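Here the structure is laid out as structure tokens; the discussion comes afterwards.
Read from first to last, the chains carry the letters A, B, C, D, E and F; within each, the first residue is number 1.
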Amino acid sequence: MILNISSLDTFYGETQALFDVSLGVAPNEVVALLGPNGAGKTTTLRSILGLTKPRRGRVTFDGADVTDWPTHEIAKAGIGWVPDDRRLCPTLTVARNLAIAIKRTRFRAWSIKETCAIFSPLEYLMDREAENLSGGEMQMVAIARALIGSPGLVLFDEPSQGLAPKIVQDVLETIRQLKAEGIAVLIVEQNAETALSVADRAYILDLGRVVWSGEAAALRDDPALRRRLLGA
Amino acid sequence: MSALFEADRLQMRFGNRIVLEDITLRFGPGELCGIMGPNGAGKTTCFNVLTGRYRPSRGQVRLDGEDITGLRPHEIARKGVSRSFQIMNLFNDFTARDNIVTALPGLRRRGFDVSHAVAANSAFADQAEVLLERVGLAGKGGVLARSLSYGDRRALEIGVALAAAPRILFLDEPTSGLGSDGTARLAALIGSLKGQLTIVIIEHDMRFLFSLADRISVIHWGQVLAQGTPQMLRDNEWVRNSNLGKLQ
Amino acid sequence: MGNGKISRRKLIKASAMSAALAGTVGFFGPFQATRVYAQGQKKPIKIGFTCDASGQYGDSGQDDLRGAQMAIAEFNAKGGVLGRKIEWITADTETNPATGSRVAERFITREECGFLIGAVHSGVANAITQVAAKYGTLYLNTNSSAPSEAGENCNRIKFVWDGNGTNFSKATVGNAVKSVGKNWILLTNDYVWGHTTSAATKAQVEASGGRVVDNLLVPQNTRDFTSYLLKIQQAKPDVVATAVGGDDIKALRAQVAQLKLDGKPAWINNQQDWPDVWGAPDSLFGVFGTTWYHKLPLPGVAEFVKKWQAAHPNGPIPVPGNVSYNGYMATRELLRAIERAGGTNNIKVIKELEGLKVSAGERMQHFDAYMDPVTHQMQQTIYLARKNAKPADKTDLYEIISWTEPKTAMDDGAAAKCKLAAYEQVPTFEL
Amino acid sequence: MSGPLLRLVGLEKTYSRGLLRRQITFRLKAELDLAGRQIIGVIGPNGAGKTTLFEMMTGSNRPSAGRVLVAGRDIHRVKYGERDRLAVHYHQSYQVRRFSKRLPSFLMQPAGETYPLVHLFDEPQFNTQDGYIGFMLDFFHRLRDDGRLVVVCLHPTARYHLQILREICEGFLFVSGGGVTRHADFAGLLVDPRVRNYLGSGMTQQAEALA
Amino acid sequence: MIDLLPHLLNGLTLGLLFALIALGFMLIVGLMEQINLAHGSLFALGAYFSFMLVAAHLPLPAEWVKAWTTIPLGWRYVTALVFAPLLTALVGMLLEFCVRRTYGKDPLYGLLLTFGAAMVIEELIRLVWGTRDYVLPVPQAISGGIILWDLIWSTYRFYAAAFAVSAIALVWLFIERTPYGAIIKAGAHDSEIVRALGINLTRLRMFVFAFGALLAAVAGIILAPIWGIRPHMGVDAVVPAFLIIVLGGVGSFWGAVSAGILIGMLVGLTGAYASEWSLLSMYVLLIVVVTFRARGLFGKKSLLEA
Amino acid sequence: MDKDSRDSSRLVTPAMLGFIVLLCTLPLWIGKVGLYPYLGIEILIWALYALSFNLLLGYSGLPSFGHGAYFGIGAYAFGLFQHNIVPSLWLCLMAALGAGLVAGAMVAAFISHRRGIYYAFMTIAFGQVFWVVAIKAHSITGGEDGLLRIARLPADFGFANIDLADNTALFYFVLAIFALALIGLWRLVNSPYGRILQAIRQNETRAAFIGHNVWLYKFTVFSLSAGLSALAGGLFAMAQTSAFPDVMSLHYSGYVVMMTLIGGGLVSFWGPVIGAALFLLARDIIGAVTTGWMLWFGLLFMAVVLFKPEGVAGWWQGLRQRTAGMSGNATGFARLRALLGGRA
């Protein structure tokens, strides 16, 4: 396991958002984190990054206990993040949004060129200000930004949101490619179908608790189970 | 049934952005109404417009037939509209008792009275004690609000709203952040209030809402998508197929 | 009424009577009574120096103090005054009237000083005067040169030792109208000192047949004079007379020098205090007034400078200037007056000072000086100076171009404005 | 009401950059008539201009040429504050853009309506788990039955997205390559090779299975 | 009209200088949402440090100082222009070290803390350099006057205005064209994502604060020959800086620049035509503007308001 | 009833009584401890000023950073009324109070809908305007030279007429007013009005939603605070027998903030009194030794802001609680935070 979180309790102020959440991701593995609105999926990612420090529990990454590290150190250890609301700096151009993300880690360095090869529209968007992009375009930049930071683990928060179906396929393809390269992926999705199509394993969260975990294939292939846990 | 509180075609915009498009709601006396909807649907904005925090761009709010649109929050509050907040809004440096006392209409009426001290008025303390007991905080009156447990703070939040002696009480996600025990305790509290005054609750916890509410309105895109008894809403096919449908 | 004791007794009696007549209740008796000390003759005489150490006039205040210290040291060296040692204390008045009041109160009530010396800022001087007047304490205003100090704000217990705006105007204006030109512009700091000074200048200009084209008001704390300088350039006057003080004049000087405007038009600056000049010798320009210069070719000056330098070897300013000189002169004349009065009875000392005449030699000035008994201002020689083109050494910044007799430079309007209280109204004491 | 509810007449929007040599970086043209009382699905690749099109329809983004007529009124000549009484754009919160205003409002026409005639839903989030989809679809139908024009823009990335589109839409627009193509029904949509390319192989297969 | 022109030009140069003063203040407010009331003191420190270097008042052995004075004034000035701001930036870093504790708390903390710091720095200046004032010598090339339209103009003011323009342009370029600028901008917009991208926000903030201090010092050096160097010159700088930021709108670069020019024009023109109002005019302008536009001319919503 | 609420319902608390009695004996011993009566007067006046300022900062959470203006206005009003209208002590003091109320109300009308930093900005701007006007209008105020010859008018009680020219007499007069103000303010902060002010400080939004007219409270408390500050200013004019614009400057406005914070005005009624005494004593004692006393005071202030926003009073409370076996409080931080209005 490159990422291991154990018994996380996370609070927003006084409000507890995660209750005793444990999960792990191995290199070459894609793990899906599923669940309804407000289940605590995004909070789990924030806790991993140290953006919302867990009150209890540990997070280890790449062999080190990173629970108490400052966020930038955790990121530098090799975690890339694709936040659900993209969070590009609106007044910067795409190129500059990408440029600030470049960093060295012990993992493979992605070049801007490579990411452009994944998302062909990127090339033409380079000198546009991020605020003038459409939602889907922003999403591509956000993913590219995570890759440019040479991650060993990528946290995807709703990567398919706002993307055209073809592009979603490209993203999934990229995730497979990452996996093939030995990079771990943790993917948060409301759209379970999409996530399960690439995931090896899955966790389901509800009201801040892990309510199910197991092989993704089990969920994928068992509509009844899926219906029971995730609806439709 | 004549409505105690009516919102008529409310629209609210911030610049280019429309947050409420067309909201029409009616709450009868003694009714317990729920409001639900996905994140960002405009539920809290709706509360804010109803309780006077924002003035709607269009539309009318009426209390007991009287037009209260655009009145300031304190004016609306004085007419008997009280609310709690999603993010707790207590007077943290006050004790629980003082939190309640501050909201008493008796104190409000004597707001510019400096002839006597609050602490000397035993009527205030007595009223506060009754309210504290009602929300399950008996014996904790002397504790600073900031030092109360989370669940107690939630209860106090409702206690403060109740202290203003409202005719209609708006509760914004009262269970958020509570565990199952806390939620059950709150459900009991709200259940005990049911029928005594009109209560409107925004809630994410469907189990909680569906078990308590007389009527529920679903809000999204600043519109009322659906309205009805919990049973009526559950009849929807998509609902039945979803997590929501699995409640019971 | 020559006898202070009688007047004091009379006063107490009068106030007690009036109290009885009005049926009033005095909590604590008239303070005059509590201020009479039958002290032993050998008790030291204590002087309080209300000198700014910080704020706008911190430098000047300290230079003032250096002169005064020297005078005291001279007297102590020869055994004090009337056999009594002279002690002194000082506290920072922060160039702030409120602080001035408090320090004065402290010196008088706590430290039991009978004499206060020192001021640069007229606001501070006024604040101290008010406190001193309440107790009858003598106050020597050494360096605040607002004409109002010896005019409407004069006081029986206050003596003003510096030349003021009107003196300097009278010394310069008539001459300049004749020799330079008739069109004048006034540049006036927009506060009392500026206004009174400019009014005096204006009167002089008009009396000499000149014309004041414009009077530009400069708010205090103006840091940038360019808009005024532009206006001046547009108006093309013959002479610009400034009544700009403190930090503002320093900034103005720097900017005029920058623009090389110091040649034409002719500039007349009211007065330049040595501590201000010493910081910025390059920006001296125009004609300006002073009461003393350390290179005056008069007997005694060189010795005085030497003595001063010996007393303050590592000071921030290497030679005494007019500010230090005023501090010295005021203190020396006070001590001499006490000697002549034969004691520290304030009324007696006041009377001695009112009759003060100092010979030119004693003053180290060109003409005899005297204390005006009506306005309590030292009437003295007023010098005109300009920047020295051929300085003899680093400190030789001025070229003295003329000197005016006290009579000529005297502010004849002051007497009408100044109403000194009767001696009877001054609380008396002997410390 | 006579004629179509929403008419795009010679509508064109271009963005260009460069001060001296103007280079067109974006162009979108549309010529459309849409009647009321129907639900229209809109799909198209990222950056094709769907949002720009919606913005022009609601009068917030001024076209380079052409007019947008809602119930016969040129929406760009209606008072700013009242344009949303004709057409309203429900967009995602992080896509709020500001546009400059040229004329003061008082020189413009009133909208003359109290509730929007055209409702544009820009990528509404359909989440199968919370059950709101049912209410949403009911709502679309209610609007339609009330004589309004409902436009739903959606990237069908899951099977049920396709299902929803097929179930509720009475016509489709495909925005791509600077133009807007109209398709009468779901099956017709799938014939267009550009649409198939947009959907990708997986989704196309699923769509065909549905059709 | 002809009469007016010089005053407009003067107002413009004055405005540019005001904008220069406000630049560092703006940077810290805009990017860190910290009100740095010690800005004026850093401004004064810059002037004092430069004076030390230019006028060779150095706390060094006499022979070294002597050697230093043999270097031409121009070179000493240039050295001061480089090193005085750097020294001030160090002080800025030290200050940031204290201010750091107030991040994430009410901005009022920072305001009070820097108010205290301003007082401390001013007193330290008094302690070290005394209360007297100094004049910063400037090289021949940028002193003196130019005759234009029959009027003599100060060369130094043109130099200062040009310097202000280039400083503004450089800061703008720095923010807009360099990766550091991108990081600063992104950090101001969303500190979380910047941290999640592996950027050390603590260091970034220290850098920004130091940069703000550096700019304050630069402004101090440029203004020193005009205003003179004295301990309380800081107050003369921080008040306009503060006014400009509130007027221009917190966090807006061009807002600050245009507010600076606006105030410069106003002070210049009132100085010429209604001189007794020139000091009051900027406050009145501020109150009028802020009464009608709560966030100033170009302000966006920021953390600073609740 | 616990001790706190017992105290708060009293008109005069034992501590207050003891304090006032102690002050009554002050002229007897102040000289013996190396001080002088005038300093006592000044401390009382500044303590009154700081107390009324703390009505805003500590009780209502309104950061007014240009408050010196009202102190100055009171001083000028006292002097001008005396010179130009009636030289009666009572009327002059009323004039000072009234001038402060009016000026405060004028400003409050502009700013009472704001909070936090923008509130602070506006109070600074208005403070500067008053300051500039005081300097500019020298025909009225005497400008920099100050408004001079303000008499210490006798206190006419009808049956008795007390001369206040002497410092000790004036001290008792100021003490009487201070004691009245102290009692009045104590009652005020413990009355419903004061309770609501504190509620507004902690949570303006909530206060509005339980029916309190927040704007009106903010408006009235600002006016009241300005009025009382002006009353203190009037007494100051009497003490100094003159009025000067300096106290209206930004620096002096900052001093009262420093006094209040260092004393512990955020957590204690007595904070401003402690702070004012500390400030003036430090200035008098350290100021006699070094002119750089402000350096040390500035450092102390920084340390207080950084480490102990509860100030001296908070430190004392913490000490008492610790000895009583209770945990220390951290309310000062929370209160300072709450100054911005509800973002706790």
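FYI, a contact is a pair of C-beta atoms (placed from the backbone, for glycine too) under 8 Å apart; a residue touches a chain by one contact, two chains touch by 3 or more.
The structure presented is a predicted model; accordingly, all values stated were derived computationally and were not measured.
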item	value
Shared chain contacts [chain B and chain F, defined touch]	none
Of all other chains, the one whose Cα centre sits farthest from chain D	C
Of A-B and C-E, whichever chain pair has more C-beta contact pairs	C-E
Innermost chain by mean C-alpha position	E
Averaged-CA centre spacing for the pair chain D and chain C, given as whole angstrom	84
Geometric centre distance via CA averages, chain F-chain D, whole Å	63
Intercentroid distance (Cα basis), chain C paired with chain A, Å	79
Separation of chain B from chain D, taking each centre as the mean of its C-alpha atoms, in whole Å	37
Per-residue overlap in chain B, given as positions that touch at least 2 other chains	38, 238, 241-245
Shared-contact residues (touching 2 or more other chains) in chain C	53-54, 58, 190, 219-220
In chain F, residues with contacts to at least two other chains	136, 291, 338, 342
Chain contact topology (line, ring, star, complete or other)	other
Chain-chain contacts as defined at top	A-B, A-D, A-E, B-D, B-F, C-E, C-F, E-F
Chain C-facing residues of chain E, complex	3, 6-7, 10-11, 13-14, 17, 126, 130-135, 137, 143-145, 150-157, 223, 225-228, 230, 232, 236, 267-269, 271-272, 275-276, 278-279
Complex contacts: residues of chain A adjacent to chain D	35-37, 85-86, 121, 124-125, 127-128, 131-140, 160-169, 190-194, 230-232
In the complex with chain E, residue positions of chain C that touch it	53-56, 58-59, 62, 190, 216-224, 226-228, 230-231, 233-234, 247, 250-251, 254-255, 258-261, 275-276, 278-280, 282-283, 316
Touching residues on chain D, where the partner in the complex is chain B	60, 81, 84, 88, 90, 93, 96-99, 114-116, 121, 124-125, 127-139
Chain E - residues contacting chain A, complex	179, 182-183, 185-186, 189-190, 192-202
